[in-house]
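Which chain is which? They are A, B and C, in the order written, and residues in each are numbered from 1.
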Amino acid sequence: MKTMFRAALMGLVLTGSAGFSAQAFPVKAGQGSYSDPGITDDTIKIGLFAPLSGPAQAYGEDPLNAARMWYETVNSMGGIWGRKIELVIEDDRCNANDLVAAVKKLVEQDKVFMINGGSCSAAAVAAQEYVTRAKVPYVMLNASGDGALYPPTDYIFGAISISQRAVGGTAVDFATRHLKGKKIGYINHDDAYGAWNLETAEFTAKEAGATLSVESINPNITDVTAPLLKIRAFNPDVIILTTYARPATLILKKAHELGMKMPIILTVTGTANLKQLVDNVGTKDAFKNFYVQDVINDTPDGPKQKWVLDMYKKRYPELAAKPDHPTPYMPYGIPAAQTVTHALLLAGPNPTREGVARIMRSLTFESGVMAGLISYGENDRAGQESSIFLKFDGDKQELQPGVYVSRWVYKP
Amino acid sequence: MDWQVIWLFLQQGVASGLVTGSIYALLAVAIVIIFKTTDAPNFAAGELFMAAAYVALYLLVFLALPFVAVVPISLGIAFIAAALFYRIVLQKIGSSAAVTVNVVIATLGLSFVLKGLVRKTGVGDVPRSFPSIFGNDTVMIGQAVLTMQDIGILVLAVLSMTIFFLFFNFTRTGRAMRAVGMNPKAAVLVGINLRRTRMLIWGLSGLLSSLAAILIAPKILMTADMGSVVILGFAAAIIGGFTSLPGAVLGGIIIGVVENLVGLFISSRAISVAPFVAIMLVLVLRPQGLLGGKVAVKKV
Amino acid sequence: MPITLPAKLGSLAVALIALIVLPHLTTGYVVYLANLMLIYIILALGLNILIGETGQFGLAHVAFYGIGIYTTAILAGRFDVPFPVAIVAGMLLAGAIGFLLGAVSFRMRDIYLALSTFAFGEAMQWVFKSWDDVTNGPNGMRIPQASMFGFRITNDHDAYYIVLAVTIVVVLATVALMRSRLGRAFRAVRESEPAALALGVNVRLTKVIAFTLSAVYAGLAGGVYASFSSFIHPDSLGFTTTILVLTMIVVGGLGSIAGAIMGALILGLIQELLRQAPSYQEIIYGVILILFMMYAPKGVAGAIKARFGRSAAK
C-alpha cells in the first residue's frame, strides 16, 4: 500500500518540471502578502462540492469523501509548501441553480483560493461563465463535464474519471478492433451524456469503416422492447450500451429473452455494481458474450486499487460498513484532488490563481488510480481519456489486452 | 421496412406493451381509489410504491424470509403505514380546511420524506431487484416472446383489479367507500363513518401499491427514485377517466402499447413524450377521459 | 390587533430601503440568491393569478418560464436583438401559447385540467430537450451577457437593481390588477362559475385571460432570469419547478399577493439553508411541508390574518 501511495504522490515527476528532494513536499512556505484570496502563510482554502443529497447523492458523496481523504493525507504529511489545506464543503444538488449558488458562496463568501467539485455535467457547465469571469481555477470532481471542456477555457478542468467523448470513442474502437464488428448497434441516452458519447462514437466508427445504428432512450424508460427490436432488425455484430445501470439491466434482460447472442459492451456509465447487475438480470446466461468498460487501473478489488480501498476503510469505517460502500465512483475523487494538490505544489511557494491555472493547462501525472494518465494540454481540458475492457461472464472479470485511448481531438 | 418486420414489431410491441400497461394500470387503480373517495390526487403514490418495494426487499433479501411470509407482511405494513398517514396528517388537514391543494402539498411532503428515508438506508442508490415469483423462462406467443414473469404480472394484475372491482361493487364496505366518493354528506347521513372509511381506503391504496411493487420490482428494478413511474399511472388514470376503475385499466394498457408502437414506428426518443401527448389528445377530444362519467361541477 | 395604515407604510419603506442597500452589505452570493428569489416572486405571482385567484389548476407554469428563457436567449444571442426587446418577445410568445392552452382547456376542470396542463409542461420540457437546432438540446444553452439601457450586466450586482425594479413593477401591477374589475371577475369564477355567469362575468374569457396573464408573468420571469444567468439546461425546466412554485403560493397563502411573495421568500430560504444539512434535507423539507399544511392550512398570509385581523394580509 505504502509504495502505491508513494508512487501516486510522486507521479507528478512525469511533468518533469519539479526538482524533488527525497522529501515528498517542500516545507518552506512563502511569506508576505498574497494577491489572491484564500491563502495565508500557513493555510490555503479550497472549496469542495458535490451532490450530497437527493437522487445524485450516490454519484457525488463518495468521490467527495475520496477527495477529502486525499487532502487530509497531504495535510498529515505537512501540507503543501507548509500550508495546510482547509476545506469548505458544499452540497450542489446536481442542479444548475444550486451548483452556481454553491460556487458563488465558496468564492465570494468563504473566499476560497480555488474550487474542486461537481459530479453532474449539466450542472457543472452552468458554472462555466461565472468561473471564467471570476478567474477562479475550477477542477471538477467526477463530472465528465464535456460541455464545459470544449471549447477549452483557461480555468476549467474536468473529465477526471473519463470524458463522455472518450467513453463512446473507445467503446467503438474496442468493438471494431478487438471484436471485429462492422455493424454496431448503439444505445445511448437522450441526454447530454448521450449526445457527447455519440459524437465520438460516430467519428470512430467512420474511421474504422463501420456503420452505426443508434437508439436514444430516456433514462427512466420502463419498457425497452421497441429500441431493442429495432436494433435486432439492424442485425448488428456488436451492441454498445452507454446507458446507466438500470436501463442497461432492462436491455440485457430483454436481449436474452429475445435470443440475441451477439457481444454486448456496457460502458462505464452502467457498470457500477456488476454483482448486482447479474442479480438484477436474474441469469448468468445473459452474460455469455458480455464486456464491460472500466476507467480505473485494475478491477475494483485488484492489487493496484488496494491502497485506495484501505485508505477509505481507515478514514470512513462507518461508511465502509454500509451496503454498497464504497461506491464504484469513489476512487475518481482522488485524481481530482491530486490535480489540485499537484498544481499547487508545482506553482511554487507563492501561488496565484493565475499561476495555478497556467500549471494545470500543461499538467500530466500518473494518479495510481485511473486507467490512463491524467493529462491536460493546450486545447485539452479533459483529464482522462483512456479505458480498459473486461470480459465478464457473470462471475469473473477477465482483463482484455490493451488500453484504449480516445483519438478524437477537439478542433477549435 | 418490409411487412414481415412490421408484423413482428406489432406482435412483440403489443405483447410487451400489454405487460407494462398492466403495471401502469395497477398504479392507476391505487391512485383512482383514493381520488374517488377523498377528491385528492395522491402525490406520494409513487413513493408509497417505492417504499413498499424496499420493505419487501428488506424482508426477502436482508432478513431472508420466504416469499409466502414476505407478501402478507409487506402488504400489511403498507396498509398500516398509509392508513396512519391519513389518520395523523390528512385527517387534521381535512378537518381544518378541506382544500384539495393542501392535501396535494402534504402528500408531496410525504413523498420527500419517504425518498429521504430510503436514501438514508444506503441501499437505495444501486438499482436492485429481488427474485421474481414466476421465474424468467420464456414463452412464444405468435412471434412475440414473453417471460413467465410477464405472464404472471399480467394475470395477477388483472386478477387483483377484478377483485377490487368486485369489492367496490358487491361488498358492504366497498359500497360504503363508493358512497363516500359520490356524496360524503349523504354517506354520513346513512350512517357511514367517513373518517374510518377514508382511512381504510388509504390503507387499501397502500396495500395495492405494495402488491404492485412486489410484482413489478423484478421487472423495472428498484431505486429510490423509481416512484417516478407513477407519472405513467397518473397518465393511465387520466386517459381512462380518473374516476373509473375499468377506465384506469384501459388507460394503462393504452399507454403501455402506445409507448412501444411510438418507439418502433416513430423514434425511441419519442417514447417518453408519447404518454403526455396521449393525455392531451384524449382530454381535448373528450375532457372527461375515455370511460369517465360526466364532469361534475365542483368547487375546488 | 389590527395594523394601522402608517405602520404598514412604515414597514414597506423599511423593506424597500433594506432591498436597496442589500447589495452594498453582502457578497455576490447573497445577491445571486436575492435575484433568484425575485424571479420566484414573479413566477409565484403569475401562478397565483391562475390558481389562487381564478381557481384554475394549470400546472404548466415552468413551460412558459422556459419559453421566456429560451426566446430571450435565442433572440439576444443569435439575432443580436436588444435584451429588453427580447424579454418582451419572450413574454408575448409565452402569453400567446398560454392563450392557446387556455383556449383548448377551458372546458376542463379540477384534476383533468391539472393533468392535461401537467402533460403540456412535460411535453414542452421534451421539446426543449429534443429540438437541438433551436435550443441546443440536452447540451444546454449558453446565454450571452446582457446589456440593458446602456450598461452591461456582468455580475449579480449589476443585475440586481434591474431585477428588483421589474419585480416591484410586477407587484404593483398585480395589486392594481386584483383591485380591478378583472380581478373581481377572477375571484367570481373561482368562487362559483354559475354565480359568476349570473353576475354577467364572461367565465370562458376570464379563464383564458387568467391563463394568458399567468403565462406572461412566467415568460417575463424567464426573460429576466436570462438577463443575469449565463446558462440554461432543460433539466431545470421540469415539473419539480412548477411544483416548487405551487408549494410557494400554497405555503404563502393561496389568493394573496403578500402570500405569494412570502411563500417565495420562505421556501427559497428554506431550500438554501437546507443545503447545509445534506443527507437529511429531503426528510426535513418533507416534514416542513406536512407541518405547514397541518398547522397553517391557509398559508402564512392566512395565519397572519387570523392573528392580526383583516387588514394585514391584503
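Convention: a contact is a pair of C-beta atoms (placed from the backbone, for glycine too) under 8 Å apart; a residue touches a chain by one contact, two chains touch by 3 or more.
Bear in mind the structure is a predicted one, so any value in this text is a computation, not a measurement.
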{"item": "Those chains which touch chain C and also touch chain B", "value": "A"}
{"item": "Farthest-lying chain, centroid of Cα atoms versus that of chain B", "value": "A"}
{"item": "Two chains sharing the most contacts, counting C-beta pairs only", "value": "B-C"}
{"item": "Rounded Å distance, chain B centre to chain C centre (Cα mean)", "value": "32"}
{"item": "CA centroid of chain A to CA centroid of chain B, Å", "value": "38"}
{"item": "Contacts with 2+ other chains: residues of chain B", "value": "119, 269, 272"}
{"item": "Chain C residues counted as touching two or more neighbouring chains", "value": "130, 279, 281-282"}
{"item": "Per-residue overlap in chain A, given as positions that touch at least 2 other chains", "value": "54, 57, 190"}
{"item": "Residues on chain A engaged by chain B in the complex (per definition of touch)", "value": "54-55, 57-58, 190, 215-218, 220-223, 225-227, 229-230, 233, 245-246, 249-250, 253, 257-259, 272-273, 276, 279-280, 282-283, 322-325, 327"}
{"item": "Contact footprint of chain C on chain A as seen in their complex", "value": "52-54, 57, 61, 90-91, 93, 95-98, 100-102, 104-105, 107-109, 122-123, 125-126, 128-130, 133, 147, 190-192, 194-196"}
{"item": "Chain C to chain A touching residues, read off their complex", "value": "27-30, 32-33, 36, 129-130, 137-140, 142, 154-156, 229-233, 235-236, 272, 274-276, 278-279, 281-282"}
{"item": "For the chain B and chain C complex, residues of the former touching the latter", "value": "35, 41, 89, 92-93, 96-97, 99-106, 108-117, 119-120, 231, 234-235, 238, 242, 269, 272-273, 275-277, 279-280, 283-284, 287-289, 295, 297-300"}
{"item": "Residues of chain B touching chain A in the complex", "value": "5, 8-9, 12-13, 16-17, 20, 23, 119, 122-123, 125-129, 131-132, 136, 138, 145-147, 218, 220-221, 223-225, 228-229, 232, 256, 259-264, 268-269, 271-272"}
